[in-house]
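Two complexes, one shared chain (chain A), two partners (chain B, chain C).
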Partner chain A sequence: MTPKRISARTRNEWVTAYGFLLPNLIGLFVFVFVPIVYALYVSLHDWNALNPKAFSGLDNYRKLLHDDQWWSSIRITLTFSVIYVPLLFVLSLLSALLMNALRGRTKGVARTLFLLPFAVTSVTSAVIGMFMLDPRNGVINRLLGLIGIGPQPFLGSTSQAMLSIIGVILWINIGYNMIIFLSAIKEIPRDYYEAAGMDGATGWKSFRFITLPLLRETSTFILIVTTIGSFQALDQILVMTKGGPANAMEVSVLYIFKQGFELLNMGYAASLAFVLFLIIFGLSLVQLKLFSNRN
Partner chain B sequence: MKRAIKALALLLAGFMLVTAGCGSAVTKSVGPDVSKLLEAPNTKADGGKIVLRLWTFHQAMEYHFWTWLAQQYEKDHPNIEIRIEYVSSDDYFSSTRLLSSFASGQGPDLFFVSSATIRRFADAGFLYPLTDLFTAKIRDDFYPAALDNVTVDQEIYAVPFEMELLGLFYNERMFSQHRLDPPETWEEMMRDAELLRTPDISGLTIETYDGVFKNFSWLPFLWQTGGNLLAEDGSRSALSGSQAVKMYGFFRDMVERGLLNLRPSRPTTDIGILANGETAMQVSGTWNIRMLETEFADQPIGVVPLPVPEGGQPATIAGGWKMAANRQSEHAEEAAKFVMWAFAGDPGIPLKWVSDVKFAYPPRKSVMEAGIQNYRKGLRVVFTDRVFGTEREEPQLPEEINRIFSDTIQEMLFGDIAPEAIVSKADKAIGNALAQP
Partner chain C sequence: MPAVALALGFGMIFPIYMMIISSMRSETTVFAFQLLPVEFRFSNFAEAWSDSGLPRSIANSLFVSVTVTVVAMVFHAMSGYALARLRFPGRRFVFAWMLSTMMVPFSIILLPLYLITKELGMANSYWGLIVPSIFNAYGIFLFRQFYRDFPKELEEAAYMEGLSLAGTFFRIAFPLSVPIIVPLTIGFFLANWNSYLWPLIITQDEKLWVVQQELAHLAGGGYFTPWNIVLAAAVIAAIPTFVLFFIAQRYLVEGIKMSGIK
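Right, the complex of A and B next:
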């Protein structure tokens, strides 16, 4: 068997490609791969971040199996994810369709305005959200008052806190996801719609049978990224309620944060983080499998 | 149709822009010079001097006190340079910045500890023992409870320099309009809250936000019932069988009647909540006195001891910061000498802190005697005559126990399980936490 010869040109292309990839690969190795392996190592120890680590085997993993608060935080995270991801997906797609329908100079202006909240940092957005949702002086309660609805507690209520926080996070993220959808919609050849129009398919039918199927890859990307993001949501929750009221918003990442940096159970926090990593990894694989079927 | 779509899109875009623009309304706090922060931790000094880094979260007058103190020490000790470095209060109170600096070997030489953190830092070996520097005369000058509060396993690890007490502040105008006297009992407090609250004014404000101040605010009410979190020797929960359920039941009742301010506009350490008319009564501390004497001097605000339940004992809590020296520091001994010089020597220095810079009670008898006239004017006299003496020191509780108590308050305020169930759940959780090695 003769070894396959690689031409000088192909070799040059490889060198160029890897040259461009190298900075990112180094970043991934140093800031992602190494911390994951280190978290696994720490998770096998009893460590308070100040004293030397003491090897404890799988004790931390056994402990999490019986930790009611951990499982409660997983349940809250799943609930958050199940509400947030579809809402973000649908609203981003609708906004993109709306933007696509615009013509003339309005289009550019509206697109910029939609994207603008994404430029606001997460902590700032949370602070603004707190102002708007303030039960006494907040603008949302003032608006509700205009239509005869009494003041709502929002972040001070175990039943309203989650939807209130989701509202703030949606406000920040819709614009970015809308732009991704919009660029994918622009890629769809107009011929398809014209041909469908000649066959009598317009409106909902052309959306259902042309737009949606051709957005499959973009949709997969957005669903995976937003699902991962929803499992990692922390900033706004920490700022707006610190996991309250009555732990109603204590999502998994926040619980890990509290275990690590408040209670100084670094080993245990690392084991929780590693388990969460496996959950997110598994969910992403499932989503990829489900949506990658081209048929 | 196209017009409608265009209008809808512009409306939505406009809303997002307007709300995004709200960011500029956020007030920025004024802190010390940022360039100074960036220099840290630079321990080099000219002329071979020893540099001691002191981390503080204080601002304005309080920050200037530390720079003044550093200058005074440097005058008497020309071989020492004290560098005051600012750390935001959020980072300080959560201890994250201190912990990471210690873990990386970059910790400050001098820093503040609280009752909540002293045991943790002492156990980790970051506190320089000061026991040998406390002569019999010095020990005798400190109030025993204050000294107990900085003692861990028979060693004194820090020097207390302030005692801050909680009281019930109230709006005198609202009370006089309704011909009410300020409350002395829980029942009167509930009745007054009921009479004084309006759709825009809440009856009573006590801390509801998670954090160290929440436990600080609620512990005295638990103590007043005769209840406590831990037994005297700290070996078991003291909740079960106590009157603690009385507190959870009473304040749950207040929540259900809409008398408590569940989402105050700011942390309740800030008396501005009461001064700005958001509430009729507010549980807060002595640190507000100076603000009430200056910024809110025109506001009709009074203060009384925390109301007591029927058959209960008057009680408030005494908190405050203590200064410690870093045991791991190359100059730990020099740092310890500075701490003792500052707050265990000349009474003039701690007196300046508790009377000129802020209002607080000193943990030393000699300082109290030297500044007695400061404690007999305006609202201060209420604290001096009616609150001081009923205090219990903030306990050195493990963080797990603090968290359990914090969760019970959250459950009482926002949850729906019965007060009895809150107590029994907490009792079990404390038992589990103490059983862990």
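Right, the complex of A and C next:
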């Protein structure tokens, strides 16, 4: 090959590469990058979506510091996260261990049963939840009645709404995380367990000293993804209680949603979104440090 | 152990079972404490179908989900291929930049995304439902992983035969990408069929409602909610996802595993 031909091929390769990347470069730029920059810009303005934007500096950020409803929404979000994330983690891991202990046909059937709720959409899960948790006639209350527990208000109560919604979200998400855990467990070489078994480490010990450490990366991944997801959970909340009762389920994304789309405080809503983004980002970094750098 | 697993498994599908058996009851018996399927009012499905916006919303969801998925597969495969196989200046930067967009939680940019989409004149239209949903660094990333392990010899041979680089991709690499396209197609379709929040924000016109909006609307009637009909509608709306689940469970599981790869 002559140098000229190589350079023609090289140039051709550049053009093809950028041609192939162009749709996504434009799309990600317009629909992900620009919105972030735009949010930052809007957050520095007083704007109700109708009048022209009026520059207001850091006023929106000062306002949110003293907005009790905002901090209440953060508290609700964190409470939700602190209950939901560990529950999902433990239940998915236990389900994966259970699947791993099964053999043959049972394994396939059980896995299908555990994964099937993953095919239920978030709105459908909310609809089924509302039906089954009906305070007067719902099947859950009927079942509780069988063991002598009186009817519970569930979604109608400020103290039970969160657990009810968490239950519904857990239900459709365990299968997915179980599969991720299961595939990581399967990659652990059997000799590790055999060697440990010869040293007398079985059962809980082999789980504690072999399985768990070797699942560290997967665990970190699941924890971070689940935590980020828990900050964004909105579908079921919107459908099941619209943030109620008495704002008990008004999580931060819902508060931002209301400020922006209902009250049209676009600038303020953008500043809230930005702060929430920083909180999520910070938490992910902390988790990454805690769980991947240990040992 | 197997008995425990199966018992728990049946517990997991109990709500689905309840949805199905209750969807065939009458309005007065829908809450009856009867766990066995004793009533089969198939007419509920016909009623749910004809007395609601279900047909149109299902058509909208199918149209949006299929379009997004097909376009996304082509775009993401092209980008993934370029990042994995072509040499060009700025490759590392482009890849890092695309990956960084994955750090942005969707619900955080909801408001500015809505404003931008509106500026572009796409609000309250199929364009607004479809276009912003296409771009997703995650799909690009998985295609890149796939093409990195793609046999070089095939491409070299194609190039020697006189195919252009683009021709090599479209005629050789892309058709051989079925192992990655199938699980990703399922994942994208399910994610878009599931989509509720974005359509809720970007559409005002009821004619543009997707199926999840219609379902949420039907279930939002408070005390007057006709639960048997709502559940019948939920069953109809679940058919595509359940069919997909049962015919392609293997690929679905594969897709989940891929998403767990760090």
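Here, the second predicted complex is superposed on the first by the 263 of 295 C-alpha atoms of A that agree within 3 Å, B and C clash if a C-alpha of one lies under 4 Å from a C-alpha of the other, contacts with A are read in each partner's own complex, and residues count from 1 in each chain.
As a working rule, contacts are C-beta pairs under 8 Å (C-beta built on N, C-alpha and C of every residue); 3 or more make two chains touch, one makes a residue touch a chain.
Nothing here was measured: the structure is a model prediction, and the numbers come from that model.
If you stack the two complexes on chain A, which partner ends up touching A:219: first (chain B), second (chain C), both, or neither?
A:219: touches no partner chain.
Taking the superposition as given, does A:92 touch the first partner, chain B, the second, chain C, both, or neither?
Neither: A:92 stays clear of chain B and chain C.
Quick check for you: in the superposed arrangement, does A:173 touch first (chain B), second (chain C), both or neither?
neither
Would you sort A:56 into first (chain B), second (chain C), both or neither based on which partner it touches?
neither
With the two structures laid over each other on chain A, which partner does A:271 touch: chain B (first), chain C (second), both, or neither?
After superposing on A, A:271 lies clear of both chain B and chain C.
Name the chain, either chain B or chain C, that contacts more residues of chain A.
Between chain B and chain C, the winner on chain A residue contacts is C.
Does chain B (first) or chain C (second) touch A:110, or do both, or does neither?
Both chain B and chain C are touched by A:110.
Can A:261 be said to touch chain B (first), chain C (second), both, or neither?
In the superposition, A:261 contacts both chain B and chain C.
In the superposed arrangement, which partner chain does A:243 touch: chain B (first), chain C (second), both, or neither?
Only chain B; A:243 stays clear of chain C.
First (chain B), second (chain C), both or neither: which does A:164 touch?
Touch partners of A:164: none, neither chain B nor chain C.
For chain A, what residues appear in both contact lists, the one with chain B and the one with chain C?
On chain A, the overlap between the chain B and chain C contacts is residues 95, 98-99, 101-102, 106, 109-110, 113-114, 116-117, 119-120, 124, 127-128, 131-132, 134, 136-137, 171, 175, 261.
Could you pull out which chain B residues touch chain A in their complex?
Interface residues on the chain B side: 2, 5-6, 8-10, 12-14, 16-17, 19-20, 22-23, 25-26, 94, 96, 99, 102-103, 120, 124-126, 199-200, 208-211, 262-263, 265, 278, 399-400, 403, 407, 410-411, 413-415.
For chain A, which residues count as touching chain B in their complex?
Residues 48-51, 95, 98-99, 101-103, 106, 109-110, 113-114, 116-117, 119-120, 124, 127-128, 131-132, 134-137, 151, 153-158, 171, 175, 242-248, 258, 261-264 of chain A touch chain B in their complex.
Going by the contact rule at the top, pick out the chain C residues touching chain A in the complex.
1-2, 4-6, 8-10, 12-13, 15-16, 18-19, 22, 31, 33, 35, 75-76, 78-79, 81-83, 86-89, 91, 94, 98, 101, 103-117, 120, 131-132, 134-135, 137, 140, 164-166, 169, 190, 193-194, 196-197, 200-201, 212, 215-216, 219-220, 227, 230-231, 234, 237-238, 241-242, 244-245, 249, 252-253, 256-257, 259-260, 262
Can you list the chain A residues touching chain C in their complex?
10, 12-14, 16-21, 23-25, 27-28, 30-36, 38-39, 42, 95, 98-99, 101-102, 106, 109-110, 112-132, 134, 136-139, 142, 171, 174-176, 179-180, 183-184, 217-218, 221-222, 228, 231-232, 234-235, 238-239, 253, 256-257, 260-261, 266, 269-270, 273, 276-277, 280-281
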